[in-house]
Amino acid sequence: MARELWKGNEAIAEAAVRAGCQAYFGYPITPQTELLEYMSRRMPELGRAFVQAESELGAVNMVYGAACTGVRVMSSSSSPGVSLMMEGISYIAGTEVPAVLVDVMRGGPGLGNIAPAQADYNQIVHGGGHGDYYPIVLAPASVQEAVDLTVLAFDLAEKYRSVTVVLLDGSLGQMMEPAEMPPMQPLKKEFPAWATRGAENRERRMLSSIYLNPPDQEVTNLRLLRRWKEVEANEVRFKTYYLEDAEYVVMGFGSAGRVALSAVRAARAEGIKVGLLRPITVSPFPVQAVDAAVRQCKAGLVVEMNAGQMLEDVLRVNNNRIPFEFFARMGGIVPFPDEILAEIRRLAQGKASLEGHPRDRWLERVAAQA
Amino acid sequence: MARELWKGNEAIAEAAVRAGCQAYFGYPITPQTELLEYMSRRMPELGRAFVQAESELGAVNMVYGAACTGVRVMSSSSSPGVSLMMEGISYIAGTEVPAVLVDVMRGGPGLGNIAPAQADYNQIVHGGGHGDYYPIVLAPASVQEAVDLTVLAFDLAEKYRSVTVVLLDGSLGQMMEPAEMPPMQPLKKEFPAWATRGAENRERRMLSSIYLNPPDQEVTNLRLLRRWKEVEANEVRFKTYYLEDAEYVVMGFGSAGRVALSAVRAARAEGIKVGLLRPITVSPFPVQAVDAAVRQCKAGLVVEMNAGQMLEDVLRVNNNRIPFEFFARMGGIVPFPDEILAEIRRLAQGKASLEGHPRDRWLERVAAQA
Amino acid sequence: MTTTLDPELEQLVYERPDSLVDCATHYCPGCTHGVAHRLIAEVIDEMGIREKTIGVASVGCSVFAYNYFNFDFVQAPHGRAPAMATGVKRVLPDRFVITYQGDGDMASIGMAEVVHAAARGENICVFFINNANYGMTGGQMAPTTLPGQKTSSSPSGRDIETQGYPIRAAELLATLDGASYVVRRSLHDPKNIRLAKKAIRTAFEVQARGLGFSMVEMLSICPTNWGMTPLQSLQWLEEKMVPYYALNDFKVHPAVAEIRI
Amino acid sequence: MTTTLDPELEQLVYERPDSLVDCATHYCPGCTHGVAHRLIAEVIDEMGIREKTIGVASVGCSVFAYNYFNFDFVQAPHGRAPAMATGVKRVLPDRFVITYQGDGDMASIGMAEVVHAAARGENICVFFINNANYGMTGGQMAPTTLPGQKTSSSPSGRDIETQGYPIRAAELLATLDGASYVVRRSLHDPKNIRLAKKAIRTAFEVQARGLGFSMVEMLSICPTNWGMTPLQSLQWLEEKMVPYYALNDFKVHPAVAEIRI
Amino acid sequence: MQTDIIIAGFGGQGVLFAGQLLAYAGLGEGKEVTWIPSYGPEMRGGTANCTVIIADEEIGSPMVRNPQAVIAMNRPSLDKYEPLMRPGGLLVVNASMVDRKVKRTDLRVVEVPANEIAESLGDKRMTNMVLLGSLIANLPIIQLTSIETALKEHLPERHHRLLPQNYQALAKGAELLAA
Amino acid sequence: MQTDIIIAGFGGQGVLFAGQLLAYAGLGEGKEVTWIPSYGPEMRGGTANCTVIIADEEIGSPMVRNPQAVIAMNRPSLDKYEPLMRPGGLLVVNASMVDRKVKRTDLRVVEVPANEIAESLGDKRMTNMVLLGSLIANLPIIQLTSIETALKEHLPERHHRLLPQNYQALAKGAELLAA
Amino acid sequence: MPPKGRIEVNELLCKGCELCVGACPQKVIALDMDRITPKGYHPASLISDGCTGCGICAVVCPEAAITVFRETIKVRANQ
Amino acid sequence: MPPKGRIEVNELLCKGCELCVGACPQKVIALDMDRITPKGYHPASLISDGCTGCGICAVVCPEAAITVFRETIKVRANQ
């Protein structure tokens, strides 16, 4: 396959098609709508299922139903729509059926706006639905990565009978970049032993998330948790840039990490020994990679397009060993590289601190500027 | 007021009535239903608004509407129902109107069961809805505390124009205990300057959570964050037991904390110098109190009825200074004091460890027992 | 006492259907959820489609329907069974997909999902058990609760001024072009039970022919929460519910009318 | 050119209503959302209830309705305006509470909320703008999109086999006892616009008399997403939509019939 | 000082109400009390039980694994709780519904033919009162009169004519002391 | 090496398509490219702009605050981007729609009467091609032929008869070199 | 002469709800107060001759607990 | 003689949609192609005499941009 120019949203849609997605259910919402629109054309063309649901609630439960048949299935939405899926996601997780969800984040809370943001990190990574469950969350930073991670999302969802989320922000959904599409996979013909497809020549099967007897539920909770340990052991992914000899480390996922790369390059051009760690799986979080960076570096900087959500996960690994600073733009604003460069320079000037919380110090800097 | 025997759910309802709750909107779900049923009788009796909504989505948006008029308003639900409220909660937070929500948690994920659990901690505390917002979360451990915190919830919601959640588990909702009801407050007659009650003799008002222009949204995000800093500064609440001379500290909220109290007493009877820290505001989290306990003690134990959600907040404060262990029952099981006592004994025997993650060590112990 | 028949002449007139699992239900004694289950199972047996049927259970007393039906089942979040059924059916168009939902489930929280499944003409059968309250959670008011009916959340009787009017779901769904077969039946006596079974059969035949959405509403009793014996409950159903909820065919696609069963 | 009239005899025949803020809207040129806004504002002016009215905006092109109406407004999550309006009205029963919703908002994601507000007989007015697509998000299929109509999510035209049939929301809501006034009007020419205004007035009068839920559906154009000029759009509306969406009174409470306006 | 009591039986035997009376009585005497039922699906037609704690200080766990006192109103309840009781604990058995002897020897046991006694007093529904009377007599943390007061205050008005019989049932039970 | 270009104008002026052509052409030459529009409500009838980056290595931020090259198709775009440009950058101004001179003296400026040129070639809609031609000629990171190839591949089939005119427009623009 | 029939009640399933008792046109069913099912109910059973094997009891039984037999030549399938 | 009227178009509001143009029974309105509103539209305006002040243009205008006057003795209120 040659590299072609793809819009993020459409690239994800085509990647899903090629990964063998047999059914798509969604509801329009900016900045994700192109994905649904693409599917509305592409899926029927291939004789696969496409339904524009009555709502995100409808969509997530259509996904749930289709997932129970053992096929590959997906939905996509953006922040407020994803909030409406929380109950369904919790059910899917509790029923242990695989499903892929794409969240193209926008500014919030509430109706907010349709500009790019990363403020659903906690919602997606730490469980916006009720009960203990553990979604796999993949955070691409380029269209090619979005394509690759979409395919991976289907694989991981199946392997771990898990909800897998591709988490990106509106700018990545809207931008165009070259990407190479994966080959077209055939649709599944074999289905797992739990799939409810009609009890032909076999015992009937039931798929549910009810365990009315608490000890049964506890066993399930433990099973989910142990499976998650496996995911943590096997599936961590991240990317590092210029980290070999770095004295300072910048961390950020998705677009924030990508923008930080420009800043890191600019800083290197100034002679600052700084590297970048960009988590690709934000869940499972690359704990060991963060730990290694902390051991190596003198100070760190976390960059996000939210009020410091991944920051907390970084700080938990850091355990106050090295000073970390925080920088964010919120509300639909993508930071420019020069803003991050300024923060890197502060690190290099030894201005990072171990006192108090990095977010509080950032807030003070913001206030001082205003 | 004399102390009377109250069932948790009904006590919360009556406390809300006395706090001047003018409108209640809800939907039945076990183990919360008695709260709604109580309101269905009590509110009309007082000429106040009661609506059994068509769903939790309906309920939360009725709350949203009523909240915009500046009156005191409440809803209640349990885990799956609360998941359905996530979009609405994010809107309420983004619009900065006060509302009180009661979540009587049950076993999950999915439909799970109706037995007591604490597995919605992350959902409620760390933002199950999209976007950066910060609910105040109060976690009672007794019926009296549920009463007092319900009244407080209305006050704090108004003071900070915030969503305030009373977070408890099914056992507290179902148990009876003596409680003293607060006096009956009159309904509000004065309304805040933002309330939309009809533009009589004044400029029109609009309440929304849209900030289509990202910089405006960012200003809003910063305002919410700064207001949250105030909440963190002023509203932290917790309770300590036997902590003065303690060498070991147990931490747990709500019922888990309460059960831990029995275990702590039993351990003291055995001569173990152990104390208990029970967060009452789980959000804002009592960071300083945890920090003080960490400075004082040799080791700690976190007890929850989930897979270790508050644990992460404790660990972030601990920063690996002292060894922490974890103990949990899940899926609707409330731990018995003797189980926790056994864990305290382990601490006292110096078996707490700084290696790896407390949850992983707990999982290993669970596996070893099975 | 034991009656014995001439073993030579003895013939089996009625037997528990294969499509029911051989176990006791958790339903309260007399609850007509059991009757509805049996009828669906009988029809599936008669049509020989047990191995091709996938059920979608809802949240309500019938949440455990999947324990009793002897075919594949999934279990939907409260109200969302028609959406889940859509997901199943779109992937497996040659299977029979049914939902089994209570009145709280379908007519309250799940109103949007059922309306849209009907509007899409989703080729599924919805079996709708109207027992005028929320059975499972202890008898709260449902959208179908009659005016003046006392429930645990309408303790002085449903007040239409503040709590509104009952919803007649069949009439409402019948307004949708995508709905091919929408009828109401009752389970309060043998005759009506037989009519209900016929309607269930018709609904399955509609699906077999790809005619789209069908819904069979069945008036049902909830002795436990109504605070009556099962037999009193049947009478209350007949006297109070039937007059309010007309037993009628509200929508019958022309092609359905030709189905002979 | 400038026509001048004898200043002595010059009379004001029509003027922008007070209940509209004096600012340009963000609507596309020709979009009849603006007409619906104006009519509502005129009625509110005429009834002198601007200071007693609270609007609930929805999510759709009219999300910013609150910028244009000169009275108190709140803004609901997509589809939930009737629930939000319920919250407002229950607390302030003597205020006029209205929702303003598009067809995606009310007839798709918000179906449950509007049905239940109607069933409860919630004393609010719902103004429902049916433009046969999702305007704001770029013209996707709505529940009201006509069979065969091309939209960005039905690129080969709405296929009723897989995408279902349009929903006639007025007919559906009219089945509910709690609904007192449910009508459909159109905004495609002066005559119909006048009839729409009359219906809006009647809806407000229904609320004034405490008669319960009212809904005025208005057929509206979306030139931008339909890919036509405004004038072509009016014609398309008249020729394609009106035959499908009958301009009728679907539910008129007897007490409403007596309202003289 | 803290005393924990589990009352267990079938649904319909008045298990929850008996427990509430204990709690009301304890409250009447100025004690700390908790009452917690097992709730949920088991309730439907199945077993019912509740735990009551009466204490002098703030009560920790409202549930106990090893209770000090148990009223076992039927055989499954005896089977479930006998092994869990604390040594020296008080076990009040409804002998009318239990067809076996208590096995443990480290408990104080009272076997009460409670159904018969209640029926002899005119109403089988007072079985729970008989057993409660016996419990109180053998576990003197609460005055019998406090139970009587609680009964008067919390028995629904329409049953008040049955109060004297209920007092009698309590008294009859109270006559039966542990060996 | 990385070059970043912003193309800005009214919606309907072909801003986004011109940017895409640049990106396609860059891709055709084996470069790394990104194209990102400003999206959202501003698009409705308002301004439109996009950022294109062409580089030799993995591209970091797809947005830039201080672009190296700008095509300003109207006055508001000039007002917005002139002050942000990097010193020495290339500024291509659609002189037909801009009624003022460029103020900065540290930029390479080309003033193109693009509307007039396009109209003279038969179609005002080719304004964007004229400007693009000029950009390419003055910023030799991409071959004009690559743009032509991109145009052939991405102009909708039904407009293919307009290809020669478009090539002409590009060429005309390319004649105008910065001072 | 009316046909002669009999029923068998599965006591693992019967919950003594009396719906069959109320529905039997021959009034030949009642709860057996002397028996208790494993679930704790008094099961339904025939109390006298006269069962016609009409199957109405089975039609109303919510537990599908009843099997119906009839002594006859013409056999109807399940109605 | 038909009544004599005139309209004023608020150019801050008018978007040149031509709905008034299409609706005017006297065909006396058209977009003024020589003028451009601050929002960038050609505004509607009277192009000839003959306006009757009937107000129909105002009835269809989505922007409520039109004020209508009439020279008359009997004044009707807003229709």
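We just call them A, B, C, D, E, F, G and H in the order they show up, numbering each chain from 1.
The working rule: contacts are C-beta pairs under 8 Å (C-beta built on N, C-alpha and C of every residue); 3 or more make two chains touch, one makes a residue touch a chain.
Quick caveat: nothing in here was measured; it's all calculated off a predicted structure.
S.K.: Look at all chain centres (mean of CA atoms) and spot the one farthest from the centre of subunit A.
M.R.: G
S.K.: Can you pull out the chain pair that has more C-beta pairs in contact than any other?
M.R.: Here the largest contact count links A-B.
S.K.: Using mean CA coordinates as chain centres, what's the gap between subunit A and subunit G in Å?
M.R.: The answer is 60 Å.
S.K.: So what's the Cα centroid distance for subunit C and subunit D, whole Å?
M.R.: The mean C-alpha positions of subunit C and subunit D differ by 36 Å.
S.K.: So how far apart, in whole Å, are subunit C and subunit F when each is placed at the average of its C-alpha atoms?
M.R.: Their C-alpha centroids are separated by 64 Å.
S.K.: Specify, in ascending order, the residues of subunit A that touch 2 or more different other chains.
M.R.: 30, 51, 54-55, 57, 80, 87, 91, 95, 110-111, 113-115, 208-210, 212
S.K.: Give the residues of subunit H that touch two or more other chains, as numbers and ranges in rising order.
M.R.: None at all.
S.K.: Two or more other chains in contact with one residue: find those residues in subunit E.
M.R.: Counting only residues that touch two or more other chains, subunit E contributes 40-41, 45.
S.K.: Under the definition above, what is the set of subunit A residues touching subunit C in their complex?
M.R.: Residues of subunit A touching subunit C: 22-23, 25, 49, 51, 53-55, 57-59, 61-69, 71, 73, 87-88, 91, 95, 196-201, 204-210.
S.K.: Which bits of subunit D are touching subunit C when the two form their complex?
M.R.: 108-112, 115-116, 119-122, 143, 160-161, 163-168, 171-172, 175-178
S.K.: Can you name the residues of subunit E that touch subunit B in the complex?
M.R.: 20, 23-24, 27, 32-37, 39-41, 58-66
S.K.: Quick check on the complex: what are the subunit B residues that touch subunit C?
M.R.: Interface residues on subunit B, with respect to subunit C: 27-30, 33, 36-37, 40-41, 44, 50-52, 54-57, 80, 110-111.
S.K.: For subunit H, which residues count as touching subunit D in their complex?
M.R.: 4-6, 10, 12-13, 15-19, 21-23, 39, 41, 45-49, 51, 53, 55-56, 58-73, 75-76, 78-79
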